[in-house]
Amino acid sequence: MSKQMPPAHPFDDDKLHEECGIFGVIGVTDAANFVALGLHALQHRGQEAGGIVCHHPDHGFNHARRFGYVRDNFTKQSLMETLPGPLSIGHVRYSTAGGKAPVIRDVQPFFGEFAMGGAAIAHNGNITNADALRRELIERGSIFQSNSDSECIIHLMARSLQRTIPDRMEDALRRVEGAFSVVAMTRTKLIGVRDPLGVRPLVLGQLGDGWVLSSETCALDIIGAAFVREIEPGEMVVITDKGVESRRPFKPLSPRFCIFEHVYFSRPDSIIGGRSVYETRRQIGIELAREAPVEADIVCPVPDSGTPAAIGYSHESGIPYAMGIIRNQYMGRTFIEPTEQIRNMGVRLKLNVNRALIKDKRVILVDDSVVRGTTSRKIKEMILDAGAKEVHFRIASPPTAWPCFYGVDTPQREKLLAATMSEDEMRDHLAVDSLKFITLDGLYRAVGEASGRNAKCPQYCDACFSGEYPVAPSDQIEKGFELKAAE
Amino acid sequence: MSKQMPPAHPFDDDKLHEECGIFGVIGVTDAANFVALGLHALQHRGQEAGGIVCHHPDHGFNHARRFGYVRDNFTKQSLMETLPGPLSIGHVRYSTAGGKAPVIRDVQPFFGEFAMGGAAIAHNGNITNADALRRELIERGSIFQSNSDSECIIHLMARSLQRTIPDRMEDALRRVEGAFSVVAMTRTKLIGVRDPLGVRPLVLGQLGDGWVLSSETCALDIIGAAFVREIEPGEMVVITDKGVESRRPFKPLSPRFCIFEHVYFSRPDSIIGGRSVYETRRQIGIELAREAPVEADIVCPVPDSGTPAAIGYSHESGIPYAMGIIRNQYMGRTFIEPTEQIRNMGVRLKLNVNRALIKDKRVILVDDSVVRGTTSRKIKEMILDAGAKEVHFRIASPPTAWPCFYGVDTPQREKLLAATMSEDEMRDHLAVDSLKFITLDGLYRAVGEASGRNAKCPQYCDACFSGEYPVAPSDQIEKGFELKAAE
Amino acid sequence: MSKQMPPAHPFDDDKLHEECGIFGVIGVTDAANFVALGLHALQHRGQEAGGIVCHHPDHGFNHARRFGYVRDNFTKQSLMETLPGPLSIGHVRYSTAGGKAPVIRDVQPFFGEFAMGGAAIAHNGNITNADALRRELIERGSIFQSNSDSECIIHLMARSLQRTIPDRMEDALRRVEGAFSVVAMTRTKLIGVRDPLGVRPLVLGQLGDGWVLSSETCALDIIGAAFVREIEPGEMVVITDKGVESRRPFKPLSPRFCIFEHVYFSRPDSIIGGRSVYETRRQIGIELAREAPVEADIVCPVPDSGTPAAIGYSHESGIPYAMGIIRNQYMGRTFIEPTEQIRNMGVRLKLNVNRALIKDKRVILVDDSVVRGTTSRKIKEMILDAGAKEVHFRIASPPTAWPCFYGVDTPQREKLLAATMSEDEMRDHLAVDSLKFITLDGLYRAVGEASGRNAKCPQYCDACFSGEYPVAPSDQIEKGFELKAAE
Amino acid sequence: MSKQMPPAHPFDDDKLHEECGIFGVIGVTDAANFVALGLHALQHRGQEAGGIVCHHPDHGFNHARRFGYVRDNFTKQSLMETLPGPLSIGHVRYSTAGGKAPVIRDVQPFFGEFAMGGAAIAHNGNITNADALRRELIERGSIFQSNSDSECIIHLMARSLQRTIPDRMEDALRRVEGAFSVVAMTRTKLIGVRDPLGVRPLVLGQLGDGWVLSSETCALDIIGAAFVREIEPGEMVVITDKGVESRRPFKPLSPRFCIFEHVYFSRPDSIIGGRSVYETRRQIGIELAREAPVEADIVCPVPDSGTPAAIGYSHESGIPYAMGIIRNQYMGRTFIEPTEQIRNMGVRLKLNVNRALIKDKRVILVDDSVVRGTTSRKIKEMILDAGAKEVHFRIASPPTAWPCFYGVDTPQREKLLAATMSEDEMRDHLAVDSLKFITLDGLYRAVGEASGRNAKCPQYCDACFSGEYPVAPSDQIEKGFELKAAE
């Protein structure tokens, strides 16, 4: 399956991955077509599989789940005709928390038939006490169909004593720990929820008389919906043909939005907190040029995610911006390696160095992050092979030293380069002339916090950089994960 | 089929298309694996289908032809194992001259069994007297298997009275008019030819003890081969384990390399005439800034092909470079259009405007060419919708007013915007604040001809801009095509 | 899907259908391979889909479900390698009680994870109070994944207060009404159950040190297992590596085995009650010749299921047996009907009359049953077209006048020819020279009840002929089905 | 591919195979639909692949070739809509003379574009001088596309100096040696030819105002066409909308129709020489009972092809006919063999012994032929395992001791059991109580030659039994095949 789905990002296998995108529409004809478009715009948040559920007064609930890209599945007339009705939600996903081989049963939205009617939910985030909840539910006679942590929510709803589905959902989500943005639907309601910390994004849009919920604003743009506002941390909205009702099911907490959404996950044309992500990333480049200047001839982005920061770095430093690395538009993953060994073949399938440009130059390479460091090393080699005089890495995020347990696929701690090495050790390991990461304070400034990070109560979730987890990852701790020692 | 193969370029349907890429290797183990990699690097020259032929002393000739991307077909162990041997050639193609529905029989390389053994050929270009040749050959008893103009070559070879395959190939190609670069193979020889004008590219590379022929240098890079030289216009090379023999089968003519290879067809990391295509395109942007300056706030490329010229324009003009238009990495082509009309849905599937950046700005949009003008119009609308104050188009090629008959897929003349409108009329038609094309002289300067175009004997084939065809398109003239009136 | 699976029986669409076959093995290496073979031998009991679950001490439970024939799915090395372990059960099915479009979620075996470990069940039969049970379970918080009546069993097990899985299964099955033979497994146990009436078959076999449960003995033969005995009505066997434990979870009742298994469902090489089904069917032909003799030239079977009874009829009557109708081995279902109407095209795709043989003959046609009568009519027409002088139908079962609610797919009562017509009316409707069904008493004699049917307490379930239902079909009655009026 | 196409005959791999069936229709709307039906009825003559060519005045020639069964390919609306027009021919094939892996290029009909228009041909038989012809044609500049001997015909036609296609076809076929029945078409003509010996069958039918050519009459029946007559040996018919023109292109010879068509190849409901093939086979059984009587309890056919002869044997001998071997309707070929060895698993997938019937009986098994003898041996073992007291084989054809070079797939001579053993040695090899083949004279009597075989000038081609080849197999002789020594 994966052979058929080459990654859209060239270094997909050495990046952190957002695990899900969610989208829902109410009050329009053939809502599932809009959901398909919305999921297409959110494809960068999950490429493994997608699912759509919809409801039509005459035809009831219908659904479809497919492995592969939205554009390859939810574009077929024959399939979309099976998904009628004015109310629909959808989900794209990268992989389960379990990390096992993908099975179609794990693809959301999940559906449950309750005594008062059916409901479907789509979840972005990760439930940190899912193992404990699952054990308890099985004890009581629930039969799980998937390996997904998200399935707990629908079983908790099935067993709730409340009378309406939104009430049952409140009931269920109060048992759940971790990070979650949820889009759900009944026969007549579209529901959106964000956890009390608001770790994962969720926005509200308007489309004619209808309403839209989406992980990012870029998916509002594709269907021409107007951006209304972000769903607030800890808020539940229940949308019917009478309008949007706002509820507050949880005890209030200080918000901790995921700062990595700014750095890498979200699309550059999405708007978070009133500013385009592109502009924030350009700002990161500017901060980086201030924090870590170096003499050089050209500033080159590592395509494609390093581009805005490289533009910012070039602008601030005055060093010319240039495309020293050209991406192959038709990336592949799995060619047969010929007998004569090709050096760095995996990288060559994805990009090529612009040799005539690089030769004899001092090159600043701007990348968004360093995870395992494997591709950074290969790119450096290709740049040197092409005759560069010096190579300086500038990284648009602080060292990634801790795994994320809130819906992002990270390697185990040991695999993170920054978990075991200092910045200097990493520079030597990569064998480059210099290597600099933006500081955590610099990053906070770039996202708009003029005075940097509030160490007492950080404005964002930055656990992957700081090791400070705003919600204790209880399943992981039970399995032996060690939190950062108190200082 | 096309549903499964979304274009890698967002405005694929409003561009001129190179019709083919060719590649061949001799003297390495499992040559077909290298050919697969080479074709992958040449995929931008033809996305519809690909084919590989190879020869092994024990297993004879083998071949495979497939619709779709190289990465989706020629990466499977089970297929590649059927393609053994040290000698192999391959072909990627966009479509036949015929323009009919694609059939696998039309996919090259073509193979023929001759009395002295088999031979296979792969052709980039177009034979302008193919119809007449086909009629003649059928009269004599040849049975054609494809609709391709290229098949004439192999039938002419089959009927040649010469004794060796290279001699038969010379014989055949002297009957052929038009533009052609050919890579061919026998059981022991790899052969490369360019027509006397050298319209289409072909380069020679070296890989250990083996040799490589390729449409572009970027495909040498992917397999780690060293670039040796370009095959010269009118040259035939016959490569065996004894080395490279150079022949001159044709009467010498002044070369007329296709200038559009610089503008759009070739990959930016390929090297033509000693300079990277990226650098040439950046130079076009510099020329364009000199020829057609305008006051504005930002310079934005139309992604992705306008990028190098936009960088050049920004550099020369001092106006900041910015990504005002963001491309969707997971482009789709054929979503079901929801009932409520989405304005410019086709464009939205491919890109999104960076609204926060564009708002209230005077924007220069740099694009590589205007063919039908349909997408230029849609992009302009999206930019204005996002709140731009002014929109200025700058085009990195002269007005495309004439069809190409030398291996490029162009619309009929009536469909070319520049065939029926002046520059001012086009500006009004597109309803933009200004529209400027680089001049033909400016383009010649950018590609390195300091004194511009030699009107008496142009240094390049620029028929698509000038209407001056270096080889009379005789089949087309017979069908009623009217040449430009002599001035 | 159905295009890919032409029926193995030519008149599949005018027959009653067994809905399921079940099979299980314990105590052999790679048990799933044996299950695949067993299901292949039981394919006549269900062609729509098949599923296998297995357990391996190191790899846990694994499963696969597929639409289509066993031979097309469970023969692939790559699939079968995912199904390791010494314990496995499987299921082939025709369709759900619901009669909706097939969905893979409905394909058995069903699996549930309980507090004490996982269990899987495969069910042959039909639960007549499934609707009521489902409503009750949903009220209590169970989430159903399929439309299958059989899923009730696993949810009842999940909620049982018993401590072991066999005990939970007893608990669950005591709540269930209707006909059921069940094969189930835990990590260490293979379990078989028949309902108290023993409506559906289930037999026990031995294979080396291992044990086998199967719907029919023909599936023991294919793997070389020895037939041990039939599981008794109302019996549960729990098989471990220590041997076979027999339990009696239900109150004892007089057995009512389905008499139609003898007539049509079971394979002719299976053994029921110590006699081969082939021999029983031949005996039916003998009884029929005694009850309904007629002067004629040849006795022809309607292929293939009428063959044994035709041989018996020929033997008893002395009228020569002949193949007047030849079956096409490559049956198709869905050719495009050419413009010129072909009479009886559907039938012609499946068989052809042996015209030279039939011409001018008085023909006795022996068929197993008449359901809607549609194909009987077409066959008669083809026989007359071929020049037969007389056509006499002899049917190896009594008139089918009542639907089955115990695991057989029957048309609604109104569609059954015998529900609305007398034997003479059917003869006139089919326009044949004579039409005779075997009597119910004759059928009982043929299956070995020398004195015929015991009207007070019939030895078999013959509801489809007599309208006497041994278990009240409560869901159906609630939906409006009217039982036969008491006489 | 073969996994998807289980054989319709259980012992397909130990049988001789007809290599082709051909069919053509003119003068009806959407002729290709009729051709699809005809090919379906001829599927027993070739299961590997099928092809259809058709012509429509507005849409020209169209074609489709597919691996697999007709019912799985030529039943799709989307495909059949691409095949319009009143004139169409088709072909089903088993394999090429070459015996290499199947390639779609080898699938007939073959098409050629000539100066006077296109033509397509479909060939049943084998050209015994194809190698020599191919060498000659390549010398002259023809390019072959397939490995098929039949392609010679279309190249010979392309080079003929004649002016019309039928004249070119006469010209071409006079150069061809061997056995051939050909159906061909131009834009307006349907053409049928049989070689001068008439080795392969070809019949003419009428369908309303249209005409039909078919390998066998059973394919006329499926479309409701009336049988008109057999095409005569050495006859060519040219059919247009003006009617049927008969030509005689060859020097007359005594006919030698293939006697094995009676024994096995043709369908039992086809009519050859005025008698149904079923009746001829029954007559073979009668002759066999006279020639080789034995005391026994039951006569059992080896399904399915032994059935008519078994009925005849039973009738003549008075020994009851019984189905001792039951065929699995869902035959498979490639299940994974479980670790514990299953004896004769390959056979068990296809059939099962009716144990209760066979036990303690003396059994006569009637089979159509013995080729390698491998399955005869396995069947005997299964019968003995089931407890038979004696096993007597009676074979409905003489010993098959010589390969066929006229369009039948036979093993090499060494692999034919009868090529190396006498009848007694074969009996001992198979370890049965008795083994008797019908004599060649007996076979001739059964097909209607009352006085048996005319040794001077045999009425049929019986080379596979007698080693007397009516046309010298010249390509084979050149490769070293040794003819039977003159006696």
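In order of appearance the chains are A, B, C and D, and numbering begins at 1 in each one.
To be clear about the criterion, a contact is a pair of C-beta atoms (placed from the backbone, for glycine too) under 8 Å apart; a residue touches a chain by one contact, two chains touch by 3 or more.
Computed from a predicted model, the values in this text were never measured in an experiment.
Ranked by distance of CA centroids from chain C, the top chain is B.
In this assembly, the C-alpha centroid of chain A lies 51 Å from the C-alpha centroid of chain C. In terms of their C-alpha centroids, the spacing between chain A and chain B amounts to 37 Å. Mean C-alpha positions place chain B and chain C at a centre distance of 63 Å. Among the residues of chain A, none is found touching two or more other chains. Chain pairs recorded as touching, per the definition above, are A-B, A-C, B-D, C-D. Residues 3-4, 6, 8-9, 28-30, 33-34, 36-37, 40-41, 43-44, 47, 69-72, 74-77, 80, 207-208, 218, 221-224, 267-269, 271, 275-276, 278-279, 304, 307-308, 311, 315, 320-323, 326, 328-340, 342-343, 345, 348-349, 352-357 of chain C are the ones that touch chain D when the two sit in their complex. By the touch criterion given at the top, residues 112-115, 138-145, 154-155, 158-159 of chain C touch chain A in their complex.
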